[in-house]
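Two complexes, one shared chain (subunit A), two partners (subunit B, subunit C).
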Partner chain A sequence: MIQIIFCSLKRLLRNTTNMFWILVFPIVLGTFFYIAFSNLGASESMSTIPVAVVLTDDYYGEALKQTVTQLSEGEDPFLDTTFCSKEEARKLLENGDVCGMIQSGSQAKLSVSANTAADNIKQSILAAFVEEFNLRCDLLIDTMQKHPENAEMVISAFQNPHAFNEEVSLQKNPNVDTYTQYFYNLLAMACLYAAMAGVIVAVENQGNLSTLAARKTVSAQKKSTLVIGELIAAAFFEFIMNLAGFFYLAYILKVGVDAQLPYAVLSLFTGVLTGVSLGFFFGTLGKKGKEEKTGLIFAMIMPLCFLSGLMVGNMRVLIDRIAPVVNRINPAALIADSFYCLSIFEGHARYTRNIVTLLLLSVLFIGLGILKTRRSRYASI
Partner chain B sequence: MQVFNIFFKIAKKHLGQVFIFSGVFLILIFLMSISQSRSLSGDFSAKKIDITILDEDHSVLSQSIRDYLGSRHNLVTLEKTDTESLTDNLFYQQISYVLTIPQGFEAHFLTDSPLKLSHSIRQDNANGFFVNEQLNSYLDSISLYCTGGYSLADAIAATDQNLAASPKVEAITFQKTADSGNTTMFYWFQYMSYIFLMIFSLSLVPILVTFQQTDVSARISCSALPAQSRTLQLGLGCICYSILTWLVFTLAAVLFFGPKNVFSQQGQLCMLNSFVFTQICVAITLLLSTFGLKDNSLNLISNIIGIGMSFLCGIFVPQWYLSTGVLAVAKFLPAYWYIKIINMVTGWSGESYSLANYWKYIGMQCIFLVAIFSVYLVANKQRKRASLA
Partner chain C sequence: MANTAVKIENLVKRYGEVIAVDHLNLTIREGEIFGLLGPNGCGKTTTINCLLSLLSYDKGDIEIFGEEITPTNYKLKSQIGVVMQNVAVFDELTVSENIDYFCGLYIRDKALRKQYVEEAISFVGLEHFRKFYPKKLSGGLLRRLNIACGIAHKPKLIILDEPTVAVDPQSRNKILEGIVELNKRGATILYTSHYMDEVEQVCSRIAIIDQGKNLALGTTEELKKLIKKSEIITIDILTLTEEDLSAIRHLPHVYEVSFDQHKLTVLCSGGQHNLIHVLDYLQQKNYSFGYVHSELPSLNDVFLEITGKELRD
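And then the complex of A and B:
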């Protein structure tokens, strides 16, 4: 058995195609994901908004000037204000130097550029700010007109605003970026690519599919020993390859896939085992050769990864709504969800369910594969 | 035209790759068309955020909060509202804000120690901040009206009235191209660049490598066909192949989006842009062919070039989301200028359309075309020298 494992490992090491898809491709793709997504959080997070302000020479102009000046001060101000004329403000808006132009008056008015999609959230925040400013002006005027005796109390309450709302984080670690899920799915894809090694084990143990298998069939070694030895070698080798990719993502790119490290490594191993067993079972079906079956297994893995969210981030939740059973049995979704659970939740209930399902799937695939290959007789090869 | 005919005979054998990537392309376009929400109309519409409200108070005030947020955002009702489901929906961007109105909120609203609303948001975007601002401003206004002597119901009514009277945001349209009105069409042109990078390198390189095989090359060299004619026929084959592929995709665009959209001013600008980029893809392919790559290596290099340019230059992730460092590197890649034109023509990036800039960006691509082609000529000469030696 040990010799079988050793020889299989040597052969796997020489398979450059396998090395590329398991080791190089996830690392390359992971690096590109990292480059592309590293600024997404920053671009969506709150930052200072550049704005042009056009003031009128009256009380409203003075009130707006005081408010925006207050909001433009400090270390991390809300606004970066440029006071200028209307023409200058329009020019700044056209050049994209500011997100909006605020003009004072009995009602402050916001103007934005119509052909800007990138700044929509900032424009919306500016709109909310202008609305709030108008609301307060109206409030003061209403109070002065209807309850002038309370005006002083209202002005004093302005200075001490209540905090009506507080934040409660649902995640264990609130800093886990939503784009991290692409890396969970990338790891799931790399695990399932181990299926290629499984296909090779299956094809190279069926006498009618390769000359090597025909030679093995007539050897004195028991077929189950051969198959199990090669499967162990394949799972071990692919696990090491995946571990290298995992450590690259976790410790070089630092994308936060390593929450609860021992459990994360267990997820990786279970994922690889499922990949190898899936490939082994698939390899025992039909009489196609290694190349065709490898092509077909790729064609099968990509839709699984698509359904778990490798290409479209929120796919997993959509599937959960339409057909939740798919997420319960899709190996890619189970592997990605295991990493997600470790990063987000305190408990391990959902994680354990994912790992147990993956192990059951592995046992099922290997069992079916062995049943399919055992006691085969070939009248003519 | 022996070489030219054989060129297309070999091309037929590699049509599989073209079909695979055409399939991927159509799926991408389909996904984009169902998820796209961009509007090119001149009106400003504030960002609408998906909010789930868990109302445990069921009071007049909690109802007014629901009505206020509902008038500005999308209220999402979830089937399950346990912590796990809420976390999943928040993380996977199905909702961006979860607001819980605790029981007794209205009863304690005007006391010295009011109960607090609790909200959960993702930390990586400004949507939550935006809703918080609006909600605080709304509740603050009601509270101040109450301080000013109004009853709660009157305070809510006065605040709602003031909100309704607030002036609309003005959207100023700066110089813009004639609008085609079809956003999906621009995604078509955007993703076409990735598909062309992949298709040409995976289907055209094997054809050219076949002609460079020592035996084939020697056999052609000792035939009556002059070397110049052979090179010309191969070049003609590449040009015809690229124009044919570009035409097929352009005709498909006409079928999908209609001639009115594709031949609009915006469509024509994108068509010319895509044609220039097609020629860059061919130049890259020619350069790759000089290395005599085998299938595996070719797959690796093509994927790195295709996916790499797509992520770095803004094909998969919009350019305005990329960091300045990435964009600085991307400027040295042709796809950056290709995507910059699409962003300018559509106005997505905020850059106003100008014909001068359009030609400048086309010019940048032409410089890349000339540069890559020059490198190809040098590399090809080196390869020939090496094979003779």
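And then the complex of A and C:
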């Protein structure tokens, strides 16, 4: 067994194609993700929005003045406000000096210029602001008319946004962001790519699929010993390769995938084991050769990764709503979710469920694969 | 009488409607080099795969050293060495690592295995290539490695399935010498080939098979005696009359005469001095002749006469 493991490790280490897919590909893809998401982050950081405000001499004008003045103060103000007349404001808007013109009234109005297309996002934010302002004004007036005794409480609530929603953070790692999930899915894909090694183990142990396998089959070594030895080597090798990729993401790119490190490493190992066993089981099906089966397993892994959210970030959430059972058995979703759980939850219940499911899938795949490969004789070669 | 190494009785293997092996019977004695001769697709490799318990078969019994061979009879399998028709080695392992791997499937003792690997390397003459990867080896050297992987564990029965296909003459001779040497060391050899000269050179007994059937069995001499033709005489001559051809046809042991494009061909069955008889006749008639050639029958002639087709068809 030790000799089989040792020789298999040597072979895996010297197989440059395998090395590329397992190590280089996820690192390259991870780097691309990193670059792409860094730019997205940069584009999202919002600068102060220049706005012209035209006030009316009434309660509404005073309310708007107080609000925008408050939002124009501080080190990183939300608004850069210019109080002026309607004509001046219109001129500023036409010159592109401001993104919008807000006029006070029973319903505050926002005017924007069609010529300043580049400020679409800022215009949308201003629109949302005006809408929210009007909503709050309506609410306050309504309260004062119907329950004046509660007016003070409403004003206080406006000043303290936390009064409405109390945030109960389940996060252990407050730095986790939406994009980190893409890296969880990337790690899941890298783990499942270990299936290629599993396919090779299967093909090289079925006497009807290759001459090498025939030579091994007629030897004095038990088939199960050969298969288990080679699977151990494949899983170990792929785990080390994936660990290198994981550390690259965690400590070079610092994308925050290393929450609860020992558990994260366990997720990685379980993921790799599932990948190898999935590939092994798949490799035992049919009489196709190594190349065809490797191509087919890649084609199968991609949809699994798609469903877990590698291409569309909230896919896993969507699947959870439509067909939750898919997420319970999709290895890519289980691997990605186990990383996600470590970043989000204090407890390990969901994480444990994911890991146990992955281990059960591995045992099932290996068991079925061994049953398929240990057949006594082949009908044709 | 030597013990029986391999006994195949009434073996039948079908692939759908096609009968690959058709009620084949063979007995290979311990210590002999047994040749399985036949054209491509005649059922040699199928027979071997059944023998190795790799292929299921429809009918028949196979025994090796008196035991039934089954996929899980590992004790019996440990006494068998196989050299497959196609080279089966790992591209990622060096020459010595490959031999060590395959030897390790039979020999667990590390020190003994190391010794066996070294012996196998020197046996096939790959001493200078032990650190080479298979892709760096020539076709002949690769075949030698293939053989070393199959015989390193010193099996009692060695099955070589066309080991010299696409091999240069030097490597081919080396391989054939090696087979004889392995036999001298006590191994029983089952050798399949469609190269009749090789089989004739190394095998003590030969079975000629075609379409899965055993057509003839015996030593080279015994097989040659099975056919009518014992000598082919070819003489270059300018002209001959019908009378001359008739006279030659009536010479002792001559059974067929033809004359085409100034070439006289005389087929003889048995007898001695057939060439002298033909030349005497031509001299008596004062015919001048050029190139004279006398050829004894080959296994191809045996095959041709038994099956009606060339062995290399």
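FYI, the second predicted complex is superposed on the first by the 257 of 381 C-alpha atoms of A that agree within 3 Å, B and C clash if a C-alpha of one lies under 4 Å from a C-alpha of the other, contacts with A are read in each partner's own complex, and residues count from 1 in each chain.
Here is the rule we use: a residue touches a chain if its C-beta (ideal position, glycine included) is under 8 Å from a C-beta of that chain, and two chains touch if they have at least 3 such contacts.
Note that the structure is a prediction, hence the values are computed from the model and not measured.
In the superposed model, A:R316 lies in contact with subunit B only, and not with subunit C. When the two structures are aligned on the shared chain, A:L110 is found in touch with subunit B, with no touch to subunit C. Shared-chain residue A:T352: touches no atom of subunit B or subunit C. Look at A:K222: by the touch rule set out above, it reaches subunit C but stays clear of subunit B.
Ranked by how many residues of subunit A each touches, subunit B and subunit C are led by B. In the superposed model, A:T69 lies in contact with neither subunit B nor subunit C.
In the superposition on chain A, A:C7 makes contact with subunit C only, not with subunit B. When the shared chain is aligned, subunit B comes close enough to touch A:D138, but subunit C does not.
Once chain A of one complex is fitted onto chain A of the other, the partner contacts of A:S85 are absent, as it touches neither subunit B nor subunit C. Contacts of subunit A with subunit B, set against its contacts with subunit C after fitting on chain A, share not one residue. Residues of subunit A that touch subunit B in their complex: 16-17, 20, 24-25, 28-29, 32-33, 35-47, 90, 93-94, 96, 107-125, 127-132, 134-136, 138-139, 142-143, 146-147, 149-151, 153-154, 157-158, 161-171, 174-179, 181, 309, 311-314, 316-317, 320-321, 340, 344-345, 350. Considering their complex, residues 3-4, 7, 10-12, 14-15, 207, 210-212, 214-222, 226, 376-381 of subunit A touch subunit C. Listed in rising order, the residues of subunit C touching subunit A in the complex are 15, 49, 52-56, 70-72, 74-75, 77-78, 80, 82, 84-90, 92-93, 97, 100-102, 104-106, 149-150.
Within the complex formed with subunit A, the residues of subunit B that make contact are 31, 35, 38, 42-44, 46-47, 79, 83-84, 86-94, 98, 100, 114, 116-127, 129-130, 132-137, 139-141, 143-145, 147-150, 158-159, 162-163, 165-167, 169-174, 176, 296, 299-300, 303-304, 307-308, 310-312, 316-318, 320-323, 326, 347-353.
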